[in-house]
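Shared between the two complexes below is subunit A, which has subunit B as its partner in the first and subunit C in the second.
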Partner chain A sequence: MQKGAIYSHEPSPGPLWNKAFAAALLVASTGALAILLRVFFGLGFSTNLNDGHPWGLWITWDVLVGTGLGCGGFGLALLVYALDKREFSFLMRPAILTGALGYSFAGFSVILDLGRYGNVYHLFMPSHWQFNSVLFEVALCIMAYTLILWIELVPAMLERRLILGYRIRPNILVRWLYRLLFVVLALGMLLPIMHQSSLGSLLIIAGHKVHPLWQSILFPAYFLISAILMGYGAVVIECYLASSLHGTPFEVRTLGRLSGIAAWLSLLYLFVRLEDLTFRGLWAEALKGWPGMLFVVENALYVAPVWIVANKERRNNAGWQFVAAILFIAASALYRFNAYWFAYNAHVPWRYFPSFLEILVVIGLIGMEVVLYLAAIHFFPILPVSRPVLASSEK
Partner chain B sequence: MRMNRRDFLQNLAIGGGALSAPSFANARQDKALSSEALGLLYDATKCVGCQACVVACKEVNAMPPEFSDPDHLWDAPLGLSASTRNVIALYKEGGRQSFVRQSCMHCVDPACVSACPVKALTKEPKTGVVRYDAETCIGCRYCMVACPFNVPKFEWGSAYGKIVKCQLCDHLLAKGEQPGCSSACPTGAIQFGGVQKLLQEAHARLKASPDAYYSKVYGEKEGGGTQVILLSALPFEKLGLPDLPDVSSATLSETIMHTTYKGFGMPIFLFALFAFMARRNLHKDKGKEE
Partner chain C sequence: MATAKKFSYNSDSGKPLADLSRRQFIKFCGCVAAALGMPASMAPKIARAIEQGGRLPVVWLSFQGCTGCTESLLRSTHPTLEKLLFELISLEYHETLNAGAGVQAEAALKETLNRDAGRFVLVAEGAIPVADKGVYVRINEQAGVDLLNEVAPKALAVIAIGSCASWGGIPSAGPNPTGAQSVGSILEGRPVVNIPGCPPNPYNFLSTVLYFATFGKLPELDAHNRPKFAYGRLIHENCERRPHFDAGRFAKAFGDDGHRKGFCLYKLGCKGPETFANCQVVKFGDVEASPISIGHPCFGCTESGVGFKKPLFQTADIQRFTPPAFYPHVLEPRGEGATPLAAALGGVAFGGAIGAGYALTNRLFKAADGKEGADKPKGGGAHEDE
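Right, the complex of A and B next:
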């Protein structure tokens, strides 16, 4: 425990039913209607996907950004359990919840995106396993990690002994869970390293269709770092939410240190990315046309939060931290959008811009996530609360 | 200096936990052409653009027509699609022009097969025909992303669509017949046969009339080689064929996959490391509580 404050997790105060919840519910139900249209009328009807752009907004937003934002729990676990930086442990729970929701909805979105979703069980049949396929590895690994995230949430749920009037007692199963928690935690660190980097490897086979500024054998490294950065950004933003809901002080010092770590990672990322460019002699390319412009914007977005965090005063200022968090997320999201969409060109006369229904589904899924998130923090002790303790008080 | 930089980058990638740098010891071999491989030779200098092959392809595969003219009279597809498995396009440049044929190239080392997560796309080991099975396919469309020639097309119009592409008319081959396109061609611009033979034939034509041809057999090496090969008077890049390296993109992709996951060594090592550290750190917690 740190001096001066004691941390606990508490359910959010106030009634669940408020304006924000109602609005999210409304958005979620509109999204549900859009999803029905997709199921009954097919991909051609509901999306603008085409033979030149087989993957679109659902993959880039729901899978690449959604799971990236859900990587806070993974990134923190590396700090807390691998590097023994205990000061960050109180941030874990909300991050795991975001991860569980983000990953689950990414999975749901992929099912919607599958043209022949009825065959999806083939992924579980050893006779169909295709070990050369990066997508096969990504699919199984993401499913496994989603399960791990929900298991990691069990302790939080059990803290509340009464769920919907049922009394939950730590039985033998739960005791085993606690005993094997280290296995769960280790998987929770390994699996994201595997699939987040593989989300990058997925594009290697697309070869010349991905613009040379992005196509690189270092795709896995870039995707892994961008995932951790998005995760840390999401953690900072969630802390804001927690302290404003509970009316408790914002943990500027701890989050300042987290932002510092994110800035170092960004620097590493920038260094490798620019070195990669130098090595392949692509600097001339970097300043040409709209891909060049995207490239410059993307990397400027990585530089900006580093500049913010480099200064100690700004680093320990809640407002600046918030801006830096948004920038870390924006930079990584733009990188992923660029690689998968804006810089993907099959050299066929097909252009892609998402349809109204595609956007509606994305917004609807966000609504559903918000509904479930608000309900979860209302019923379970998820959000961290820090209360100052008197110097003399014993535990 | 350059070499150092490269080594440095690779080490960095490993150090960064990305485990991505291919170590060349594990590099996956390029796939070789089977001696019994079947394919097509398309000679653009013989093609008159009559589209008989396009019509025949639709007939033998029971595909619907596609109209691009305002009166909907001619079945004239503009490109490959879910209802068109081959297409003859016209390229004009100054006073010169050439037709070019698009269809599945039946790659020697197909990226689509490497990409498919459920083995819905397979390469027949003997004939080398790249087949698609809709009963297996989950519709992820990764094959479309992977194929360097943008061949697999999806049935966007259907509520439960499938992938469509040329399968070298293997239903006809099974009956001992020729593919629809090659048997329909009135000028012999599309020739069906063993790929080794077709390659010899192509080189013989290049040798016999070097002035009539651009001096390359497209598909002999492109993307690791293809079983559908082309000859033309104009440079192939002008005809819309991609300028590919001599290895398939599947080679690099699989090398990275297999280097990372070979024997699951790397994941197991990391798992053990994380488990050890998590356990130790969890125990510390317990000690504190007591």
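Right, the complex of A and C next:
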């Protein structure tokens, strides 16, 4: 059936203004108010951050989970462009849109997280750069990749020739952009490898502050794999969103194969992670107390989707695929929360739980992303639409 | 030369001198290398230079000074002074330490000038008065300035030790009736290494001399001809009280609470923020002490225009390191647990996400049970589950 389908991208049908959009807008504006409070009254007023926990919910959610969810474009690019699996290429656009939004909002929340956010322009001044810093590498890479993602979205935007009544015609500049797009795509595969792994390297530096169950020299590898897994999960969910909105058949076979790939990656992750634990003789630690429980839950969340996908029937069932996708995301998100927050303890007396405003800002940012996402898929041909073709009779 | 256990030098006359164990000797060379900021591998090189090159002849002239620099040198203990003088360098003439006196001493100077011309190091201590034809320092019926002008051209290198010789020091403080000047300004055109300090740390002097003996050249100098290894950084940079400065904890009067607790002495007039020296790294008297460590502000003796010029308790002009605009708390808040409101909001958000995920999954299961994609669940919202 997949063989006989033609894929195109279309703007989502129906009016932009519906219940979901209105709800998202409401949440987004509440969040905007919370952000204003942070901007005018400072970090001390609006957050529970302290010297022991200088990074809190904003970094773990917006940067680590946000960019992880945005790694669908990166993970698919590896499949489509590096491994030449073109069957997945129709999933690229929504994944790149998620990536562009996720990364942009990650950058925005990093600015909110800076005590002196006014100094953020230093990042753009080469004279202020410090090349020995992992954090700088992450910052530079994420900025570059965000730009790359938006450039990768340009073709989708230009396909719609009429924007707000203005006629858009690809000019010479755009034609050159198309010719050089392969460079952009290559960078789009390289940069996430660099900064997603560096998010792990940041924790290596944190040393003993990270619980031994998580502290590992293999941090970069774990963060890279968890980013790809989250990305695949997000892609599956988005694909179902597209099918539901357009009323087109579910892409069960393609998504089944994608889930299979994710499951193999998950197995690889589990193998390395547990082998690492054996190597360092930490198995006794793995069942002790709070951290042990988090560790067990986290890895169970990685095992569960593998169990789901291992069965062919479940693998090709939309519901199970969706559950597996959510579990992939949950596992990687929990892993990142554990490494950056739950298992991160500078010193016993330090405590941290996000303040009301911190949580409100995070929810507001999600609302904003949803608003922008819904608007983007409404105005531009982002979501894939499959049209079955009669030629499918050849089997 | 070197025997198994004991280590001795041949003087120029070929007689073995007092002994210094090999271990002590290498330890000393290591200290010198460390003071110079060189790797430990330099120590053997320095040792070899001293062993093979013979001792460096040194002529020490005293002018308008308090002999504090000599006193400081007398108190260097690794090695002790006599070992230094007899085994590491060959001190040919020093008015305070000469064995002979009067005519005998002056004859020794004459002999050295003839024998070691172009080979010895001249160390000048004290400022040089030039008012009234230099009459305020007379040695052997000769004005100090004339003596310097006679000896210096024959020297291989000239080292001005102490603040007086380096930039004038106390004698040059206003109104300067004797017209005291630094050695460098008298010997204009000749490179003079300045080792300022009142008194300077003896190890800065020793390190300079041994660097010269080892490599045959002078160490790198700053704009005021001070060796950079010793005078390259502000006292403030390595000060043990620096954290108090950064945190805004200052002693405001001698003996007050802050002073007793060892707070920063900046407000008592400490000149550390504008004085270049290594006092906080290579400390004095082998008891790990410096003026700042015993609770007195630095008065800027190594810095021309600061020491003996600025009032003792006037606050320094801060260079390079300005104090922060905001100070941290003495005790940082350790963070709070969850407030009910935050916990509730977090719980609602988390629960909502799980609920939405559950609802969507249910819908998909139903759709899949019916027919693949035939059902049309009205979608929307939460693309960002979890």
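The working rule: the second predicted complex is superposed on the first by the 388 of 395 C-alpha atoms of A that agree within 3 Å, B and C clash if a C-alpha of one lies under 4 Å from a C-alpha of the other, contacts with A are read in each partner's own complex, and residues count from 1 in each chain.
In this section, a residue touches a chain if its C-beta (ideal position, glycine included) is under 8 Å from a C-beta of that chain, and two chains touch if they have at least 3 such contacts.
If you're wondering where the values come from, they're calculated on a predicted model, not measured in any experiment.
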**Message:** Under the superposition described at the top, does placing subunit B and subunit C together on subunit A give a clash or a fit?
**Reply:** clash
**Request:** Using the superposition on chain A described above, determine whether A:T248 touches subunit B (first), subunit C (second), both, or neither.
**Result:** second
**Complete:** Larger residue footprint on subunit A, choosing between subunit B and subunit C, goes to B
**Request:** Once the structures are superposed on A, label A:R280 by its partner contacts, choosing first (subunit B), second (subunit C), both or neither.
**Result:** neither
**Message:** Touch test for A:E238: subunit B only (first), subunit C only (second), both, or neither?
**Reply:** second
**Partner chain(s) touched by A:N317 [first = subunit B, second = subunit C, both, neither]** = second
**Request:** Answer with first, second, both or neither: which of subunit B and subunit C does A:G42 touch in the superposed model?
**Result:** first
**Item:** Touching partner for A:T98 - first (subunit B), second (subunit C), both, neither
**Value:** second
**Message:** According to the stated criteria, A:A24 is in contact with first (subunit B), second (subunit C), both, or neither; which is it?
**Reply:** second
**Request:** Please indicate which partner A:N50 is in contact with in the superposed arrangement: first for subunit B, second for subunit C, both, or neither.
**Result:** both
**Asked** Looking at the overlay, what does A:A139 touch: subunit B (first), subunit C (second), both, or neither?
**Response** first
**Clashing subunit B stretch [against subunit C; choices 3-11, 21-29, 93-101 or 165-173]** = 165-173
**Request:** State which residues of subunit A lie in both footprints, the one left by subunit B and the one left by subunit C.
**Result:** 50-52, 349
**Touch list for subunit A against partner subunit B, complex** = 39-45, 49-52, 54-55, 80-82, 84, 86, 113-120, 122-123, 128-137, 139, 181-183, 185-187, 189-190, 193-194, 197, 200-209, 217-221, 224-225, 268, 272, 275-276, 278-279, 346-349
**Asked** Which residues, counting only subunit C, touch subunit A once they are in their complex?
**Response** 332-339, 341-343, 345-346, 349, 357, 360-362, 364-368, 372-374, 376-386
**Message:** Under the definition above, what is the set of subunit B residues touching subunit A in their complex?
**Reply:** 2, 5-6, 9, 12-13, 16-22, 79-81, 111, 114-119, 134-142, 144-146, 148, 150, 153-163, 240, 242, 244, 249-250, 252-254, 256-258, 260-261, 267, 270-271, 273-275, 277-279, 281-282, 284
**Fill in**
The residues of subunit A that touch subunit C in their complex are 18-21, 23-24, 48, 50-53, 69, 98, 234, 237-238, 240-241, 243-245, 247-250, 252, 317-323, 326, 329-330, 333, 349-356, 358-360, 362-363, 366, 369-370, 373-374
